[in-house]
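Take a look at the structures listed below.
Two complexes are shown next, each including chain A; its partner changes from chain B in the first to chain C in the second.
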Partner chain A sequence: MLDKDCNENKCAEQIKKTFQTAEVEVKREKRVTVQLRSDLIPPFLSFAKEFMEFKHLSHMSCVDWVEDNELELVFILWNYEQQVQIIAKTRIERVNAQFVSVKKFWNQAETYEREFHEMYGVNFVGNDRLGEFILEDWEGVPPMLRDFDSIKYSKETFYQRPGREDAQNVRATIAKHSGEEVPGFAKDYTIRNIED
Partner chain B sequence: MREKETTLYLGPQHPGITGNMMVKLKVAGDTIVKAETHVGYLHRAFEKLMENRTWTQCFPIVCRICVPEPDPNEENLARAIEEIEGREVPERAKYIRVMVLELARLASYQLWMGGQSGSMGLYTMPQWTVGDRDYILDLFEELTGGRIYHMYIWAGGVRRDLPDGLKGRVLNVLKYLENRLPDYDKLMFQNAMFRKRAEGVGIIPKEKAIEWGVVGSPLRGCGIKHDVRIDEPYEVYDKLEFEVPTHEGNDIWSRAMVRRQEIEQSISIIRQVLDKMPEGEYYNKIPNPLNWTIPAGDAFVKTESVRGEFGYYVVSDGSDKPRRVHVRGPAYVHGVTVLEEILKGANISDVSFIMNSLGTCPPEIER
Partner chain C sequence: MMNPNINEKDKRRIRDIVQDFARKHSLWVLAYGTGCGAIEIPPTMTSRYDAERFGIRGSATPRQADVLLITGYLATKTLKRVIRTYEQMQAPKYVIGFGSCTINGGMYWDSYNTINALDRYLPVDVYINGCMPRPESVIQGFIKLQSLIAEGKADGADKYQENLEWYRENQKKIIHNWKMPDYNW
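Let's look at the complex of A and B:
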């Protein structure tokens, strides 16, 4: 049995000893960051939960590093006894992203995986609830990917309510109707559309 | 003979729940056999929006993630930025932040009492508590300019100092709320009907609670004493004296008892804060917000909200906008996988009652 009395330094040592390819860093008191190969994440989570008492899955996250053509999966674990936090990270291919489901360790991981599947297009093998979660009838680029242009989507999808087009510039419209003079400092923001 | 199973779509409106979500139930008679939660009514793409906003512009967005208790969102984002940037926060600002967080806790408990009672048909309680909550909102309006969404806690401290005389007015409201507790007890907590409806209902198995990701008063209602304010003190919680109430029972009644005692603890915390608050600066000024970049890095910070551990994972790529802000509210776990588990075997009429006891807040699930 491993030493359960692990502060952040002991914790980092145990991880280094067991996962020799892992990059382990003690960021500060009670904070350990671990960078792992993607195939080592399931054994690492199992090890952390069963042997190091990191029973609580605080959070899971996904970050798009589009410039590296990679997605980063983040697993944040908490040890209630020693009050240490581990942030475990791995990177996977961004195109046809695929990862193994970790819901066998924590059932609530299922919800995170459903979200990352919908928002980032990651396929979690072993999670049978992937599908529509938050969005409805969504087609096209998963919207949390960096190359999804939300402003373009908004302009193409939504329109001004008829009769409210002039509400784009309220102050200019009021000035036009009332003859009120707009103060000089505000003209830059106000007047440019008044003649449109 | 086995009863015929029927599919029942319950929601998206539920009495007492702040937000909308549907629960698809498979029922046999009026007993639930299987439950599936369906969200998607309140998605506002806040996390995507923030990728196109400067760091300071994110503050008016995050508070809108949770209507009943917006302040932990502001505090989390501020603290995550401060951790990545290494920015110091003045001591006075930390005390003010704790005062705001605890006032928000009290206001949120008022809403919870109203919601929990309302979901069993006890409609007098919400009339009282929503009215009493307004006295706290008056204080927020005076302090921040906003009643619900405050945009008051931001990176480096708080937006303005306490107005003259506010301390006295806070103490007056605390005294009023304390005097109201016996009334709440008579109407709700000692009400035989409430006890009969709440005991033995919505049970979370104690041995499963941590593994399922249960946090906050539902965890303490299983007799497990964990609270972020104690486990990993933030701001100035390590300088304050307070207890973390627990209750054995694992059911709605236990969670209610924990929350009832926490109201008294919050009142005590605010009094200590007002007593110990030092003079001095309230804001460590950031550079021009339009040109403010944060060094590359990441941080996961968490607060103890009314419903439990509230976390923010924030990533900076060194630019003037976040690379990623990912919010983990307690309802993300309580309102989906935990709810689906503990609804099995429950009565249809207890669905919103159980949802309330878990602090289910749909806008926090889909953000």
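Let's look at the complex of A and C:
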């Protein structure tokens, strides 16, 4: 259990006081998560950097919640003095995704933003290097979105050498041969393929 | 003694046999790793497996190299560079497909940007299967290539030249923005 006045709780308190709509949670030692409205992210990052000494942007990532028709942006910040990590999350529209560039706070955000632009189709306003990044001559749906069908694309684009048709599910085949009882929860991801 | 069924072009003369004997003992491999398989090359080349006892050595540039080793998966972006590299190499030249990815896509068969069969785009003389092939099998593959050279059967470069249209068609199907120089042969 964490002390009441440990660094993690202090950070959480400070964030709650400043951003009243934020959902703050102390996950465990050294880890605090913050859920924010998308327009509050730039002020939050600025506040964390300037007033809470979160000097380091460790990572940015993007998650596709296709069921909710939303994209989630995740910012991971680190405080060297207090040894606390903040994971700030926000949801944005999935269609014509747009967000403000956080390049002005951390320069390394530019590279992440270029990647999200290419792989998820998010447009970052204020980042002027959103061009071709890793992929070459890519047209169509950004490939990391979950409604992009990679197998279908691969089958249409690249020559498929025959020989994979009889590929068996190794785990299920061995279980069948040896008469092994596969527990119900494991069946979902082992036997399913062979029965389809 | 003479077999009348063999036409003039396919006849192997003593000169060819001597040339191929020399070639097979001096294979210079282009030091260009495309996928994860390149990690097996340093142990193959260094003292533990010592590929140099078979005359296999690294070379710095495509124009000095005899063998192009495709070590693993090829992204469409890399394929463009590999085609350029291959076309810059001077004949006699050979291609070795290394690892499952070059044969049928391996574990990346459903990826959106890796090719699945290398021999649709470049003429492959020898395939080495495995994921990854150990240095023993790499050397085995090179010995296979050497025996093909000695028999005069490693003619991938000629096939490429003869069927360039077919290869180009396949290559351009993937590489949409084709801005490549035409090398003279």
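We adopt the following convention: the second predicted complex is superposed on the first by the 153 of 196 C-alpha atoms of A that agree within 3 Å, B and C clash if a C-alpha of one lies under 4 Å from a C-alpha of the other, contacts with A are read in each partner's own complex, and residues count from 1 in each chain.
The rule we apply is simple: a contact is a pair of C-beta atoms (placed from the backbone, for glycine too) under 8 Å apart; a residue touches a chain by one contact, two chains touch by 3 or more.
Predicted model, so just to flag it, every value in this text is computed and none were measured.
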On the A-aligned overlay, A:46 touches which partner chain: chain B = first, chain C = second, or both, or neither?
neither
Once the shared chain is lined up, is A:135 touching chain B (first), chain C (second), both, or neither of them?
both
Using the touch definition from the top, say if A:30 reaches chain B (first), chain C (second), both or neither.
first
First, second, both or neither for A:110, with chain B first and chain C second
first
Figure out whether A:143 sits in contact with chain B (first) or chain C (second), or with both, or with neither.
both
In the overlaid three-chain picture, which partner chain does A:59 touch, first (chain B) or second (chain C), both, or neither?
first
Of the two partner chains, chain B (first) and chain C (second), which one does A:74 touch, if any: first, second, both, or neither?
first
Contacts for A:98 in the overlay, against chain B (first) and chain C (second): which applies, first, second, both or neither?
neither
Return the chain, chain B or chain C, that is in touch with more residues of chain A.
B
Would you please give the residues of chain A that touch chain B in one complex and also touch chain C in the other complex?
135-136, 143, 148, 150-151
Touching chain B in the complex, chain A uses residues 30, 55-59, 61-64, 74, 76, 80, 83, 85, 87, 106-108, 110-111, 132-136, 143-144, 146, 148, 150-151
Residues on chain B engaged by chain A in the complex (per definition of touch)
39-40, 43, 45, 47-49, 51-52, 210-213, 226, 231-232, 298, 300, 302, 309, 311, 313, 315, 323-324, 326, 328, 332-333, 336-338, 341, 366
Interface residues, chain C side, partner chain A - complex:
76-77, 80, 103-105, 109-117, 120, 170, 173-177
Chain A to chain C touching residues, read off their complex:
135-137, 139, 143, 148, 150-151, 153-154, 157-161, 163-164
